[in-house]
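Presented below is the structure to which this report refers.
Letters A, B, C and D name the chains as they come in the text, with residue numbers starting at 1 for each one.
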């Protein structure tokens, strides 16, 4: 995505922080609750300064009660707030699934159309060195739930613009922040109100030969793989869905119809991951355009070990992506 | 969405005792008529009747403002009616008709009427508790002096959400009144087998006032809840009340009820009927008049509901997202 | 699957009941816990008679505490029992996800190889007339979790044989019983110890032109569709994976390599469902054999309405399956 | 799997006071050595140290049988060592070496040694509670007279699992002792902001005995837990104890600890050190001898751990299923 506007270099967490500040400035109904989000400013700094700026009523530390935390989001949204609920690690959503899936996602259906503007922010992926119960990428689960919007940005600019859009959406959103990206830098448009639309994929690099769909931190790896492949004369189109539910299938299909080849890369284990849906949809709707088997690149079907090095070894590398792309053009 | 004003005529009766009696009567007859509909095969989905528990809902909701919020559960017709739901639309909902609050797609366990301060019945036992805390938090942030009242069964007290909610509500002094409706059974299991200790006593460990109340005495409920509501409105934080009552009907309409002796039911029906107790202070003539009014209201409501078309396939896909 | 052994006609719930009885007879370590499983014998009769037969110590009614219920399974399996935990409705697993996904599925990894033989039994699908919070088919979630085995039988014989195998497995199993099938009848082999192996798909009907993979109660509908299509001269091979994790990909791929066409049918909504994984795996591993776009048949991406009739209207019919198969041979 | 016997030499000391002191000393030095390793960059993954809380683990576990079960949490090295874990294999685990209990893949938060009755540390706050209830149920069904002891933090008391576990354990009279280690903080937040009321008082509403105990007094802990264990073994059901202590180190090693005054830490370290208190009744010579023994044991243990190869990629795929 190119833009002529001025940019500033921000870390991912700073971009998120700006989005939170701007939306809380803009709308007094926006509040934030979570563990250590107020006094401590978040384990990774994302919520730094918010409590001081917006006061204790709007930025609150909660007890360690993920189900109640999610319920705080549902109930307060039902009476007119626009809560942002931070569930520290993606893995901890396992304690809040009823509120997210059975309550939030169904509220509009049960009220014949009432909004429920709640954003569940959470952090995914290996890279915090925390082991098998703090490192999962569970996005595929939530993409299977009607009523939820699922967002997974790959860099600071999208992170900021998508979070702002998510906060303004009148429906529940699961907003997934990748732990390993939080301190990564990127250019963020220096405009008054940087919004990125939900449900719109972004072609991060146009190309002709192979469509490479990548999620979250795999976008950077996909771009690195594309660069390497360009050296071999292979032109890769890198597409970042950004919103995983609803998927921008139109953009994905357009790309595959052009290239005839599809590789999907993400950190979650391959089986039943987001790559499955993308591959299936393409094999269903762009079959005639496909000139090679689709390929999925992701973690093996194993748990995440504790050390950062080992966790990194477990997930696919740039070389793995390159190999997958090459396999489609053989 | 059609704007909604409380549509129970009985809500307009000025005298407290008469109004509460009328509401109990309305609920009793509503449930009885529904049971008939169920026996006739007209009810879509499961039916959890609140026969015998009317005084809990009426006593608890009678003093609330329309802007106060009620969170209900899977057995919630009495809560809905006590908070001002239209008997006609509620019938329509449960009978699967288009005029139902969710067009008949949600049914008995999924009715919400936010414009009446009715945040919803709920199919998930215990799920309403944190939602109620969230609503109370929302009201507090908006500096409204409204309160939230949450009903849950004694069976729901075994869900982890009770402790989480008590803790949070106490720490944040949320304007929340938790009313445990102890009707002595959870599905087919007596409370002695699923509740250790007493529900109301769980409040103390969280520094929350807890109290037991006779759930079949509408005045006792109204006074206990009234005090808790007043405290909550004043910033005094949450209260946990346990209203002891009894479920006259089976867990669901059609339940063969093999798990309890008929005499036990009979005793509650004959000796502790909340309707009879609420009628006592009234003179017979005005009570009779109320009964007639209620009968007429419900007759019209049911007729209206049944006149509506059954919910159709076309409605299924609506209201999943703002854009639909 | 044909067999020469004698058979008895049983209802699905009776077959499950027999499996429970036989395994509890066989091994004193097998216990059963759940809501209303003891005194009441289960909401749908599956556990009828067990409490009387095996006593209160081994068959227990629990309070309404799904997280603790699942934890009972984890903890008691860790000290040597082989617990069966009944979580009444599939939807209620949303309250027990931490114990199932974060604890049970990772126990062997965290103990360097210790067994954790626990079976989580639950009931899925529309058909009980219970509405959006009691009718879901969430199997795809659990198939995405390393360490779990996921089983979904389509008829009484498989139900009995698979449940017995699940109880004997030394790892956690999610065993999914379909509400709408519980009173359906079928022939069950009248042998001493009827076991059906886990991880092995079953070709319910051999055919040549199209592979039709169906899950749970969609197996019957697939067979009905196949019959109808046979009249039009289309030979359909109906494959029931039976175990969804691990998937018996070998059998599925063998079938598609023969027919060149794939349709997957299940009750869960299509997006990110089990069909996605099956289609993706085929498009990856049997692409060259595919002669037509893969097709998925499932519920639309909406909630389940309360009435049984409406819920039935929402999910695909035999005609929908027939149409999908026909689309692949056009 | 190598069979495992309790491998703390200190466990073999006959005299109660001396043995408990030795165990406290072992844990103290173990954690200090780990902190050094962490500062040197050798620790893989997060490190939650139990410095200052040693007496809770030692007092609680000292009277247990090997066949009794302990369920631990994310801050659990002291629990592991107190239940008989080998310091060498524990070091190896936390340092990411092949000789670690899970080959170094689980690390500090995921150590389990079932053959020692150690069902596991756990990364999920509050998750151990229902697992402990399950283990207690399992022991009861097998008619063993062993008990389960479950440690959890005061922060974990806010998870719904506490109420669910208390209720179930009380109803079924499970042989379960719940020990809340109130170290006054949950991550960066003081208990006053996340715990309403008192944790031990939550027992009463479930008809469970609850009691507060000085967690820095190993004898007080041993006697309170001893009584609870005896009751549990006798079929008397569960107990909830709240051991008040203090976390000397940050939440994790490296925590800048901006959220609490240094004087507060200093006061606990200087005035209420559980090690100093456990040393008091011993004569200086034998205490010194213990210290030397502990030092030697830990030196060997650390050397052994560091001699092992770091966990390798090849180990990642193991132990997901029985067949792997």
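Following the convention adopted for this analysis, contacts are C-beta pairs under 8 Å (C-beta built on N, C-alpha and C of every residue); 3 or more make two chains touch, one makes a residue touch a chain.
Predicted model, so just to flag it, every value in this text is computed and none were measured.
Centroid distances built from C-alpha atoms place B farthest away from chain D.
Ranking A-B and B-C by contacting C-beta pairs places A-B first. Between chain C and chain D the centroid-to-centroid distance comes to 40 Å (mean Cα coordinates, whole Å).
One simple way to say how far apart two chains are is to compare their mean CA positions; for chain A and chain D this gives 37 Å. Those residues of chain D in touch with two or more other chains are numbered 105-106, 110, 122-124, 158-161, 164, 167-168, 171, 193-195, 320. Across the assembly, chain A contributes 62-63, 65, 67-68, 91, 95, 98, 102, 106, 109-110, 132-133, 146-147, 301-303 as residues in contact with two or more other chains. Chain B meets chain A in the complex at residues 1, 69, 71, 101-103, 105-106, 110-114, 119-120, 122-124, 127, 129-142, 148, 160-161, 164-165, 167-168, 171-172, 318-322.
Listed in rising order, the residues of chain B touching chain D in the complex are 157-164, 166-168, 170-171, 193-199, 201-208. By the touch criterion given at the top, residues 44-46, 96, 104-110, 122-126, 155-156, 158-160, 186-189, 193-195, 258-259, 311, 313, 315-317, 320 of chain D touch chain A in their complex. Put simply, chain A touches chain C in their complex at residues 67, 91, 93-95, 97-98, 101-102, 106, 109-110, 132-133, 138, 140-141, 143-144, 146-147, 245, 247, 268-269, 271-285, 287-288, 290, 292-296, 301-303.
Residues 35-36, 39-40, 43, 61-68, 91-92, 95, 128-134, 300-303, 305-310, 313-314 of chain C touch chain B in their complex.
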